[in-house]
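Dropping the structures in below, format is structure tokens.
Presented sequentially are two complexes of subunit A, the first with subunit B as partner and the second with subunit C.
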Partner chain A sequence: MAIEIKVIKKPGRTVAEQVYLPEIAKGLGFTMGRFFKNTFGPKAKKEIATVKYPEETVEYPERFRGIHRLTQRTDGSPRCVACLCCSTACPAQCIHIEPAEYEPDDPRYGYERFPAVFTIDELRCIFCGYCVEACPCDAIRMDTGMHMPPSTRREHFIYDKDTLLSIPGRDGSYLTANPRHEPGDPSHPGVDRERGH
Partner chain B sequence: MPKFTLDGKEIGFEPGETVMQAAWREGIEIPHYCWHPGLSIAANCRMCLVHIESGRQMAMPQLVFDEAAGEYVPATKSKLQPACQLEAADGMVISSTNDEVKTAQASVQEFLLLNHPVDCPICDQAGECKLQDYYYEHQGTLKRKLTEPVHKPKGVRFGPTIVYDAERCIMCTRCIRVCDEVAKDHVLDMRERGNRNEIILAPGRELDHKYTLMTEHVCPVGALTSQDFRFKARVWFLKSAPSVCTGCATGCNSHADYDPRNGKIYRLRPRDNADVNKFWMCDDGMMTYTRHDTDRLLMPSVGRGDARLPVGEDEALILGAEKLKGVDGDKLAVVLSAQHSTEDNLALAKLAAALGAEQLYLAALPSWEGDDILRNEDHNPNRAGATLAAGGAALKSVAELPADVQSGSVEAVLALGWATEETLEQLAPLLALDRVVSLTSHVGALPAVASVAIPVADAFELDGSFVNAKGMSQSFGPVLPAPAGVEPAWKTILNLARQLGKDLGFESLESLRQGLVDAAEAAQ
Partner chain C sequence: MTTTFLVVSSLVKVLVVLVITVGTFAPIIIWAERRQSAMIQDRLGPSRAAITLPASAVAFIDSARLPMWRLAALTGIVAIVALLTLTFVAIKGSNPLPLSTSALTATLVAFGAASILLRVGYGVHGMLVRNGGKIMLLGLLHPLADALKFIFKEDFVPPKADKFLFSAGPIIALIPAIAAFAVVPFASSLHWDYLNQVLPRTGDIAGLVMPMQVASINVGILFIFAIASTGIIGAAVSGYASDNKYSLLGGIRAASQMVSYEVVLGLTLVPAFMVYASLRLEDMAMWQYDHIWGIFVPPLTLAAINFFVAAVAETKRVPFDLPEGESELVGGYLTEYSGMKFGMFFMGEFVEVVSLAAIASVIFLGGWDVPFLYRDGFEFSLPFASAAFSVPLVHWLVVAIQFLVFLFKIIILIWFQLMIRWSLPRFRYDQLMSLCWKGLLPVSLLNILVIGAFILSGWLDGWVAFFEKIF
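So, the complex of A and B:
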């Protein structure tokens, strides 16, 4: 079977285009038309894609990955148990955690540890969301709906534990929709032989 | 040598050996929790069940659910044997991978995880846990028990070094056997039965013998955690490098686990060596890594006390050489160190010979409590190596140095290392000398009396060897790079010799080691 060859002609220029001036006039006419329509025309007919940021903002989509927050338990302590899963998953290595243990008189003693230090370098963060995926406790979330507030100082981008705990989710809550089964609750089965089973 | 066949592979064994032991020696792992090559056989975890396919088959009755009939019907299954307790016999054919064994392994694994809290994210063992490994290898199914797991004591302090979590414990009794058989101290035992089983301390006792960290080391799960390592690091971030313990003259082989991201050593683990430490290390030896980044001397300095001034590396070498230049060989004292590698000591001994110094001293730490398990009374890893480096001649103790200074027979001192039995007060006469040069990795009494102190690498940062009390030379490599500007002592000594215009007869570690071999042959 012979190979068919289809020759496509390169689009050339018309005389009007080659002369240049009519095309300029057409383009400027379009621009000026938009200018008068959007400046003096009725509001309903305006065609503007941009907003006057920062006075006006656009709501980010629901699944937008904003700055991190650490979720709280009902008593205000962090849900985080400092397992380092997020910092293990983090491809930018921007999470630094130092685990510590609850005091022996705390009902959570022996059950859980907590982050004594939890720092995220938001400048290094690439907002991939792997930390949120990795977290087994729903302790770190990116559902704040906020982007990084700009600053001229680097240290303003190093978020420590207290800062991260003080950022609410988009719904204004510091908790998450997933309830916890806390040791020490009356509903909890108990942590030792005497109270247990 | 008699042989048996395990999964189609012939394995030779010594008469009396178990199947597990022979397979382990061949580098084949039969899944197990309670068996440990250095401990007695308990055969209680049932993970190592294997099927003896040769010989008369023993059958066990069981009920199997018949889907067609909709009821349980009588059937039989093969009787499996624990490989750890099964004495190998010539011509035995054993399978550790057939369907019956696989079912048994999966069932045992599911059983062990029935009441397990599955708190891997907050468990220090995660990443090196046999429950995790075997779950992936041999189970891989969801737990069928839906009720609340049995709760048991957590965070129990067993002693100053060990914390116990009964919920994670699988009752393999390895820790009990370590205390009984290695430490010879029956301080741990087990109480209750079934799912209420837990490890307890002997009444009125704490887990406080010299080998408590071995209980944590043998624990296949996260039930026993070390107070020191607890919550410090995740094991998947750590890398391991072989090392030799600097704690005593036994020279136990170890793995040094460090985090390459921050250059910090987090723990030591024993490294198997049948001739030295078998599988074990003592607590104090395990903690020798803490010395690595405490009290390090990293900046060369000149002067003493408040007048001590930091200088650059090159200036320190020039100033050190100036102090030693023109000293009468008879009046120069050279102090070798029982804490430094044989190579470091040999380089120093060569420099001493080149300078004509005949007064050789040995700086060493005071002896500590020894035992007949592992701990040697000599708290120094390389007394034998330092003596060998000096040509086998008896070395004077540093305790004699102050008197020799006062009597005027010593006018200059070149000292290696920080470790001395003598305190700063005892060494005070050295402060009267202008020419005291110290090559040291850490601060100590000897560097404190020195007029020129030059930092050198410590045992975790160099290629070297220690000669232990048995006379075995054990070499080790660097775990971490030395800090910027800090060289191994042998190299610093070589540079010092160049400043002094002396040729020590070696230019590299290889040629220095050849000198060591020659010295060893000469000593024989």
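So, the complex of A and C:
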């Protein structure tokens, strides 16, 4: 097969382009059209991309990792069982948990613990989401759709248990979509005090 | 004309010019330039600078909204009743009521105006409350913020710079730009003794006459050229005094560019002198008032385009901003300047934009001339028809309308200059020079020849007569 040579001519400049004035008029026409559309045009036709931030906000995307929240059980206590998975997984070591036992007469006693202290240093947090991945109880989530409210004080970024529990998810709920089976419920899948081992 | 009157009126006129150029136009252009570019690029631009009212004031404004709305409604109802009564009187032909017709009219005007003002106030208060007490004014406060920043910035002078020339540079650049306004007429002359009368359309009028320009000198336009070429010294001197090679290069570029375009600027206006047969700007405006706008005389149309190009180059703005081409020269002769000294250069550049727009509008766009407005008021007439509709106006109103229309023309030209600034890319330096010496200069020389032929052959008179027959 013989090699074919295809000659591509360099596109020349037309007289209109060479004179420069018609091209200037074209360019000016374009920018003017843009200007009039965005300044005096009807609101629906404007293409202004700027958001006047504090007054207007754009909602974060669905999977945005916002500030953490601790999900609640139906009785309002934290779902967290103080297993320390999240603080172990945390590469920034910003989660501090002090586990505590339930009272002996509590049905959860001997099966779960609860966090007496649960603190997240949001300034240390790198928002990697590993804590959410690590949590076996769906107790910590980053689905709040909020960034940290700004402050000039360091203490304002140390979120304690009550703060974390008081932040709702994006849907406004303090629970999660996954149901929680308490020890004693008939739907409880594992062992519990009533059914025995 | 008494001396006191002359002095006082001159001072007032100088003040008006300063307020218009430095006080109003320059800050607004600084804002408009950024805002306009943003609008072209689908952005919002500077709109965030705000004066925030304290929370108590916002609460007070909020509480005043409902009473304001109620008052607006009440006064509106009174105005409507007055209007209905007046209509009734007009239909009936006589006034049987205890109130006189003039009292009714006064009521209508007063209450109507109050109602509209209160309604507008209600709207403004609502906006303020919704904003959280932030007064933003579309971002017009940004120039104010800029000025404050300029004043409080460190006024740095390079250690080995020529201290005196370094400080003198910005002043030399700013003053000529403002001084060019001295000969620009911003309205037809004011007949001081007949302010509240309708003047006859033609004929001389005795009494005190105040020309609406700071200085009426017979060299007129030549004064502007002389002053404008002084501006070159500002750029060159500051470039030299900065003790910086980039500054020096920028200064040299500025000087050579402005000297070159100065020539073209002068030559493009020669056809205008030939047509108007005068160097005085007020006479040029008067000729255009009597006949037609300069831009509609064919050779002057070309002169106007050439003049505009040369004027943009003269202000050293994009696409001719090579003296400060930041990709090559950092900031050109502005490199070492900061604080209010830089602000003065900035100001001078924008005042120059305004003054060139003013000169272009006086020479080519009729200056203060308003279509269909004569010394005795408006007269609208159709071409080839005898029907005419006239609105007589008192003298001060005519002058005020001319002044406002002149400002409007300046604004349009400034807008166009800003549009060019944001649409075209920068030239190369050799392109800039060849455009001047090989493009604009021969064309304007040829244009002088053409306009000479145009005048000598009598076509000019024919053209003007033809136009006057139409309008």
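The rule we apply is simple: the second predicted complex is superposed on the first by the 146 of 197 C-alpha atoms of A that agree within 3 Å, B and C clash if a C-alpha of one lies under 4 Å from a C-alpha of the other, contacts with A are read in each partner's own complex, and residues count from 1 in each chain.
Everything that follows uses one rule, which is that a residue touches a chain if its C-beta (ideal position, glycine included) is under 8 Å from a C-beta of that chain, and two chains touch if they have at least 3 such contacts.
Nothing here was measured: the structure is a model prediction, and the numbers come from that model.
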| item | value |
| --- | --- |
| Which superposed partner A:136 touches (first subunit B, second subunit C, both, neither) | first |
| Which superposed partner A:39 touches (first subunit B, second subunit C, both, neither) | second |
| Contacts of A:28 with subunit B and subunit C, given as first, second, both or neither | second |
| Which of subunit B and subunit C A:48 touches, first, second, both or neither | second |
| First (subunit B), second (subunit C), both or neither touched by A:6 | neither |
| Which superposed partner A:63 touches (first subunit B, second subunit C, both, neither) | neither |
| Subunit B versus subunit C as contact partner of A:154, first or second or both or neither | neither |
| Contact breadth on subunit A, by residue count: subunit C or subunit B | B |
| Subunit B/subunit C common contact set on subunit A | none |
| In the complex with subunit A, residue positions of subunit C that touch it | 36, 38-44, 47-48, 131, 419-420, 422-424 |
| Subunit A residues within the subunit C interface of the complex | 24, 27-28, 30-32, 34-35, 38-39, 47-50, 52, 55 |
| Residue ranges of subunit B in contact with subunit A within the complex | 119, 121-122, 148, 150-156, 165, 196, 230-231, 234, 236-237, 261 |
| In the complex, subunit A residues that touch subunit B | 81-85, 88, 93, 99-101, 104, 109-113, 136-137, 189-193, 196-197 |
